[in-house]
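The same chain A turns up in both complexes below, where it pairs with chain B and then with chain C.
This part shows the complex of A and B:
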């Protein structure tokens, strides 16, 4: 049987998620035996033509050209997997979705006409059908390996659907929210990091993104009423590396919790 | 990004080289070279990484978020962004960290230098010298060398993981210090792989120095930090090989960025003569090689490299020497480390400006922030190494192409790509900053 072909594509991103693949020091050469690395421009000069069996897509869509490019990539890929907060939830650069980027660029940039950008940063799934989404900023390299193995073997990846809180309790950490009064997004954040921040005496800041069906509102009420955070602080805390997650849109557009761009001061 | 068609005159001496997607660089770029009538007419290194507007989105965020947010500019050198950010904020707030914290930050930086340099030497650059498409092809013939390189990279990454929590975008760095100090035992467990890595780095230097280097010697203005007591990482004055010697706060008076239409990145130039300059390992080596450890200097001598290096293709050797030094330094820092005092010092907000430059693996990384009394960022300015080197890369290519016009197309193309990779250009870094420089209010 032929090895399945793998392609890695980049949109607006920091390269950290695809770097996770090269950071698999112990597994890299084995991965290369398992799949044919057909198109991975940051690692190889050799670019084989598509179509590809598996496409890993990093980064968010922020230009018109990229809106077209993702369509072509979808057509040329059997399985498309978005990796990381940029690809699955717009990334930190999606904070622009809540600000007036146009005006800002015009006001500041010496040669705004040279800049080619959309007013929004959106996840891949907003543009094409995505077969699997792996969360994290950055993704966990062992989860990536599991996802690759699963898709090459034709099974569903075994990736936890729990929250960071569940991982935190399993790790036996003392709760930093209770014991140290830290602000922690663990209850609403996708598992995957192994509750890294609480094990370093730090509250989770949500880099793995908001979990499906998370009770964002309760945590918000808690942070505001019990921890004295202003609405603006609470919104900023949740709206960071996964700024365009749909769950957060609800918060941002709800006048109780946040403000739309028109309402923002300045 | 669509490429404009430039008409090419027929004739043996007219040719056009177009590399649409530069490979084995971090990020995306392209190169256009137009030769007509035996003369180089046009050369453009284009960067088409979409801008992500970091300086703009930092505005209004809490100052304590700057290290984690700016780390997301580059997944290959997040520690560098975190270091420049925390130092800039601490200067704004008038905070001085304890000596153990200072040493641990240096250790963290050693981890990133190792990880990033080894990635570049073996995965991105060496395949050019040996004629492979990538490290996987190279591993077929040089399996042991690649395996031991991966072990070196892992040893560097392990420092970042133990001290920072994870390799990409560590979570333990904060303004004022760390969230949690590591146990001595967790660090000493790293010593064996680090000592092993240092031996491999030694082999790497000797091996790299025996490679075939294409000819290209240029007179650069090297710019780097310089410190009286140590090889520069987190601290020092900004000096150049042409006599510049300034405080970090004076950087904006001597360097400026200009915006050219063909690139999404700004080009940094020396303000005085609008000229190109060079940051990175070769600049540090030129200005501070006396500060390397005795072992690294002896190794440099053995390799025939304890001298000025003006051929950018030889940067692979300098990177290997810095890797050796980073192992040596990491071992020293771990051996002398004692858990001592608080993991961080308090950093109360005040209205001020803070500036810091540190030495990212690719060179000088400058951050400047204005913060207000509530602890919010009101203005941010970031100048990454790749934008500073972009002019120099173009000038290198200009000389290289002019001197090698007779080379067949594929060879010349490969040579140009290799010359760009001499700078380990991190294109994600270079374009983050279209959005910099928020001159509002």
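This part shows the complex of A and C:
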């Protein structure tokens, strides 16, 4: 049987996630035995023609050209896996979704006319069908290996969708929110980092995105009403790596968050 | 029973080290009293607790057990958060042997002793026993402590699990007189009697027995939370469609913290971890929680898909179905799920509402 072919594509991103594949070092040769690395410009100039069995897609969609290219990639890939906060939730560049992009372009670039960009930064799943999303900013390389192994073997990846709290408690950490009053996104954040920040005595930033069944609003209502968090602090906390996650956008853009569930519009 | 000074208690802890026990007990770490490998008992620490709130405090006295429960449980030593059960290499199964050495738990409270006995029922009774738990459990020497104070989150009296130790500890201490503490020592097991004899100590007189009892009574009087057990099982099963489940679901984050700090929660999952380089696959057991999606996942989706049904599953199992299954409540009133809930959900308040008709 031929080895499945692997391609790595990049959109608006810092390259950190695909770098975690190169960062596999000890395991990289095994990966090369497992799959045919057919299109990975960051690793090799050798580019084999598609279609590909597995496409890893990093970055968010921020230009018209991106919008076309992701359609082509989808058509040319059997399995499409989006990796990282940009590809799964718009990334830090999705802060533009809350602002006037033309004004930003004029403020930043000496020649704004050279810039051709969309008004939004959006995740891959907003544009094409995605077979699997691996969260994180950046992703965890061991989780990436697990996902690659799982898809080449045709099984479900063993990537926990629990909260960061589950990893934090398993690590034996003392909760920084309860014992120190830190503002922490751990309870609503997807596991995967091994509770890195709380292990170093500070609250979770939410790099790994919003977990399933997360009640983001409930956490922020508690932080505001019981822990004195200001709206400004709340907005700063959610407007970061996963800025386009719908659950976080509620906190950042709806100034009236915190109504009780039954009073919220459907 | 005999009476020890604080110095004799400290000497006893040292004796356990000398007798080659791995001594596990209170360790001050990251702003809390946690349990871990300890040299000597910390002195003069207390805590302040409320729903979703814990602060370590300095009591300004000489107590060794002036603190209440922190986030750690003894469960982590008997049923660790993760362990490899076996590995597969070269198409062969390689067992990972569990060879625990002898351990001493210092400062096991009444509710914790009750919780250990709940887990004993879960893991050791019935047709299938959990061998690794059993191997560890047999190696443990338990130094229990009657509580002389209670936290605002405690409710052990609700189920008669405390504040006096009722379980099968090897020995039980009562700490009296915080400024210059002394200890009433009850050695129960033969091992405890032998070890205690090496320290010595004067026989306790009637007055000292009386003072120790008064200290425990005071702890009981400090307990303000209630969780009345009479008729609770039926009341909860009759309230499965109570609107309060929606209310609590609108606050619950489904993060799993309550189950991870619970001394009786025993759910686990397994996963295969593949090492690409050695091609070894490790079969690991990890703590799980009924608040995760995968806990109830079967083909096609999770049964407890929404937070409402996860919270209901947790509470009705813990306080009701547990009785059918193990002939005991799953709650010993330690209050950890109240203190360590990031949004301060208090099961005693929820139960009170659930018991009233909507």
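Here is the rule we go by: the second predicted complex is superposed on the first by the 252 of 266 C-alpha atoms of A that agree within 3 Å, B and C clash if a C-alpha of one lies under 4 Å from a C-alpha of the other, contacts with A are read in each partner's own complex, and residues count from 1 in each chain.
Convention: contacts are C-beta pairs under 8 Å (C-beta built on N, C-alpha and C of every residue); 3 or more make two chains touch, one makes a residue touch a chain.
If you're wondering where the values come from, they're calculated on a predicted model, not measured in any experiment.
In this superposed model built on chain A, chain B and chain C occupy separate space and fit side by side.
Shared-chain residue A:23: touches chain B; no touch with chain C.
By the touch criterion defined above, A:119 lies against neither chain B nor chain C after alignment on the C-alpha atoms of chain A. Look at A:48: by the touch rule set out above, it reaches neither chain B nor chain C. Angle at chain A between chain B and chain C, computed from CA centres in the superposed arrangement: 110 degrees, to the nearest 10. In the superposition on chain A, contact of A:236 is made with chain B only, not with chain C.
In the superposed model, A:174 lies in contact with chain C only, and not with chain B. A simple residue count on chain A separates chain B from chain C, and the partner touching more is B. By the document's definition of touching, both partners, chain B and chain C, reach A:201. Of the two partner chains, chain C is the only one that A:145 touches; chain B does not reach it.
Legend: residue contacts after superposition of the two complexes on their common chain; A:62 is shown touching chain B, with no touch to chain C. Our summary of the superposed model lists a minimum C-alpha distance of 11 Å between chain B and chain C. Within chain A, the residues touching chain B in one complex and chain C in the other are 26, 201. Listed in rising order, the residues of chain B touching chain A in the complex are 1, 21-28, 49-54, 56-57, 60-62, 65, 68-69, 72-76, 78, 119, 123, 127, 133-137, 139, 146-147, 150-151, 153-154, 157, 165-169, 171-172, 174, 179-180, 259-261, 264, 343, 417, 426, 428, 434-435, 437-440. In the complex of the two chains, the chain A residues touching chain C come out as 26-27, 30-31, 34, 145-146, 149, 158, 160-163, 165-166, 169-180, 184, 186-188, 201, 212-215, 218-219, 222, 226, 260-262. In the complex of the two chains, the chain C residues touching chain A come out as 29-32, 34, 36, 52-56, 70-72, 76, 81-82, 246, 250-257, 260-261, 271-274, 276-277, 286-287, 289, 292-294, 305-307, 310, 339-340, 342-344.
Those residues of chain A lying in contact with chain B across their complex are 10-20, 22-23, 25-26, 28-29, 32, 37, 40-47, 62-63, 65-66, 91-93, 95-96, 99, 101, 104-105, 107-111, 114-117, 121, 137-138, 193, 196-197, 199-202, 205, 207, 233, 236, 240-241, 266.
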